[in-house]
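Once you scroll down, you'll see the structures, which are given as structure tokens.
Consider the two complexes below, in which chain A is the common component and chain B and chain C are the respective partners.
Entry: the complex of A and B
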């Protein structure tokens, strides 16, 4: 039986209402809080043993709606190890309160605080009269730019965007409402705009062990052009986005989305129908709509996480460090 | 079955309003309440229960009047055997005291049993529109209510030309890009003009006004609506509550006047995904809403309820009314006799050809049965032709009878050489020889004499 909050969450994921690593992770954790609060242990088993499998069923359902993001996988891993660490003596009520409190702490530490420290570190790199280029809409980048405006830094922003999602539009709205002067370009204008850009700041869906960046389709192009123009590329990524996976290019693994959104929208005023209108009837033509792309480590100048700034090749050692800490915590509780 | 962990966390409850049907006279009487009226040989209630079962809604309440209670109760528990057929569901039949047949009054009777978001259906709403589409719109946009609209069935035959649809016209204003329902006004309330407020056009510049849509009386409401209803004096859901809620979307004055804010700010109305949706890279699907800083802080727990008094909080933007138009499957309301006949025909089309005429039916020589549903153990005489009709169980039909576009309920008798067109014959009635009836209704237990010629008549005794 899937909990109603998880059903609602699944619908919002599959319709891309909630999208983006941090948003999905925090939405999932809020839903888990509701699930744990409503959980009733069936007779004959204890909450510590049964809750993990019950949560597993909810997660299986979520996976069918959309592939889990790296942030979500980290959160689930840590939540499961926390559940298995709870001593069997605790009562159901106490266990539930403990877990709800743990989830709140997780969100506060690994998301909110992490974002705050990333922003604080990144602010040091914003100089007066900077022209900052960004791609799509990343929650961390938006926070950084709004905070910089709050502290009265002088800078301009160019937001690069791409169809079909056009997520950058909302970022531009929010930045303009805050009083930042913005430009909005599509990918084809990157070449024209790049000479004016002083830095490129990107968000991430995941940071892979080989230093590559998994992010929205189009990020790799922006990074490549910036690299070519000797513009520093900065990636803002919380620790929960660091992944043990290795991926060499965008085709090894990707998320395929509805191809029909790729066809340009029909303009009623135009007398000519759009070229790709009947693409399904053309036997040799298939449309492929990939959600993510891989930016190789060589294009990334620096990664900023809550631990500070690191070059992208050091991602693997950071992951090793984090894992060692988690295991130390595990051993402490068992002893 | 291992329910491991989920005690009684329901997402939706359902309320079926089994009111009395004055417009369906003389098909309805004390022996046969509207909910039990057979449609394609199954009581109408069956179709709502099937729809709710597809939607996986387990908590169902049927509100009916005192006289109908016994019949409906015995159908649910004895005939349909709900506990076996739908093992996960709980169906309760509740008596509504008082003779008032107002829909909102009936809801008030069950107000204290409703603990979650709830669905309200009328017992004459027949549909097989995929329920998950309706519920998904509700889950995504988190609206105050979602309503289902449908296009009316096309009537066939001569009756079509005669039906004056003017009284049933509804003017429905929908913003299709966001599925929002902006106004739903009944045609008979209008004289020559349809007034449209400028505040609607300010906030929703693109509005489609439909005259061909009818309300299916199938609504999904947020939980706070029942609290609001319990305290108000609203009588009818369709005529008062729905227009009021749609009005809230663009008029802050009306919203404040009705004192709805306290329901919107109540913790039970929290959208737990509010902050996540704001962080979402695709904007979170907020319809016509701006990022309100004080609402953001309220959700984060930094502001108390009393402090959120900012004029920029835009409460009216938190009332969202959505409407869906049923384009798949069938959807109709049985609220008049012509609709009843058309509905029967639509349902015949959904049944497999092999199941239309069961083996227990005795067919005479040369009898033609086309596009019709025949019940069990009927006897059809020689050279009889039955087209596009529904025949109930245990009927006896004589020779040379022509039945077109009609409905015969259980245990009826039609004798030789009768002609029935567009007629409804209720249970236990008899139509004797050589009758010629067109667009008539015969109440139950009535014996019609021989050689009666009728056109558009209702025979009661």
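Entry: the complex of A and C
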């Protein structure tokens, strides 16, 4: 019952081959296109009525591989709403074409266009001789920095990274290849470099209703240090990342990843084995590898979405606006 | 239609360049785009005023010039009427904040703050005012003169004494030249300092402003408040000593330091301002 494209996707998600809110959402939508194209309506029902539950089964499978990202939840919600909007007298072929076209438009508008818009807005805030700090590797931040370099802005970048993922290494590689002058530090050096930093630019996994930022573990530390040093903290987030949820701290909900990666790698030259090699045998010891953390709204100076720039306290107003528009689209056909 | 827009843009740019030293200025309305004709009694900046008019031109395309002119004229009359109504609303809303026996600290001279204080005096509220001298413009003296006429006890202090008097003060009241997208204020130089002291001393810091002063601008630091070079009047005593101040006469107060804004829409928090701007 589960389409092979979805099974492949599930493996890619659970092995973290594809990670990042936008990447996962795009990959999921491309997989959905295959699913819809291959879909055959069972006898006794219509595509408009059955497709949603069929897709639901695919989504349930995906959820077992890895928790859905906020971007994916937004896309699914809007896709389901679009399916329910299709008139019942449309043929199967027409319905499929319509949905495939809708998915293409969604990706174009809510992802590609949104990123362009965010980069264009954010470029206005990059001044000559800026020292821009970023954490981990965010697709939107990478786009922004590469575009700024393209337009010959004069700036330097400090990439802050954290174990165990060390995703920042790839970002540094890409920036250096583009000719941007970079430094690479781990979180423990933040205090030392912060006096030189002019702004901190972060990516997001989700933006919550209370203005808090859900992002890769370690982001909150960078934001806190920047806030303390009066460095403006700018978050780049597409509207599909805005969530109605509220989360007060990083423990109430989180994703737990493989604890074994937390043990330091063994050093061949060293005769001593790593201390945590047999951690499983120690009865009172548990290793906790959390994937996300929450940055409180008070640490964030500005959020840039395709709508423009807003302070973090206004995330709720934007969500309200987006919801109202979604409702409008839903009501269109009920009349 | 686009020719009219072009002429208006040119003329408003011209007006912007010739703006006198205050950020708060007169907005003009152009019928034939040649010279500014009417003066409106407004305290909005050129940018805000012309932005408002130019927004009217957005609907231009399917109208005739005569229709457009009519619509803009109607908008202009409405704007002026609302401007004076807004001041009344602000006075009504804000006067409740001034309790009997209050000691109010105000900065320099602000027309809108004066309107509010005038209303409180008329309602026989007993309060006293401390005014910062605000060098090098010495605008604080204007406030002193106006308040003496109202019969309100007033003290003039040098700008350096703000920290010293803060413990005696019950609230701080300032105007605003503009309110920015995150709810922060752009106001006469010295406002940021006073806001910091008020925050440290746990005193409420209010700003009195009309809603048409809201600007779509998001400064991240003091240097982001871009203004043309406004020279302090040459005949102001000692102006030549301040080479820095002659280029800047406003500063930016971040929203965390502002308790609330008293506007014609009621008392708003800085995040309430943003909500208003979004809708």
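What we mean here is this: the second predicted complex is superposed on the first by the 335 of 335 C-alpha atoms of A that agree within 3 Å, B and C clash if a C-alpha of one lies under 4 Å from a C-alpha of the other, contacts with A are read in each partner's own complex, and residues count from 1 in each chain.
What we mean here is this: contacts are C-beta pairs under 8 Å (C-beta built on N, C-alpha and C of every residue); 3 or more make two chains touch, one makes a residue touch a chain.
All of these numbers come straight from a predicted model, not from anything done at the bench.
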Practice task
Evaluate whether chain B and chain C can sit on chain A together after superposition, giving fit or clash.
Solution key: fit
Practice task
With the two complexes superposed on chain A, say which partner A:95 touches: chain B (first), chain C (second), both, or neither.
Solution key: neither
Problem - Per-residue contact with chain A, leading partner among chain C and chain B - result: B
Practice task
Mind working out whether A:40 is in touch with chain B, chain C, both or neither, as first, second, both or neither?
Solution key: first
Exercise for the section: In degrees, to the nearest 10, note the angle that opens at the C-alpha centre of chain A toward the centres of chain B and chain C. Expected result: 170
Problem - Contacts of A:302 with chain B and chain C, given as first, second, both or neither - result: second
Practice task
Give one of first, second, both or neither to describe whether A:12 is in contact with chain B, with chain C, with both, or with none.
Solution key: first
Practice task
Once the structures are superposed on A, label A:247 by its partner contacts, choosing first (chain B), second (chain C), both or neither.
Solution key: neither
Practice task
Determine, under the contact definition given at the top, whether A:51 touches first (chain B), second (chain C), both, or neither.
Solution key: first
Exercise for the section: Using the superposition on chain A described above, determine whether A:74 touches chain B (first), chain C (second), both, or neither. Expected result: neither
Fill in the blank from the handout: In whole Å, chain B and chain C in the superposition are separated at their closest C-alpha atoms by 28
Fill in the blank from the handout: Touching chain A in the complex, chain C uses residues 181-183, 216, 218, 220-221, 255, 270-271, 274-275, 278-279
Practice task
Could you please specify the touching residues of chain A with respect to chain B in the complex?
Solution key: 1, 3-5, 7-9, 11-12, 15-20, 22-24, 26-27, 30-31, 33-34, 38-42, 45, 50-51, 53-54, 136-139, 165, 167, 170, 174, 177, 216
Fill in the blank from the handout: The answer for chain B against chain A in the complex is residues 2-7, 9-11, 136, 139-140, 272-273, 275-277, 279-285, 291
Handout entry: Contact set on chain A toward chain C in their complex
Key = 125, 199, 232, 234, 301-302, 308-311, 313-314, 317-318, 321
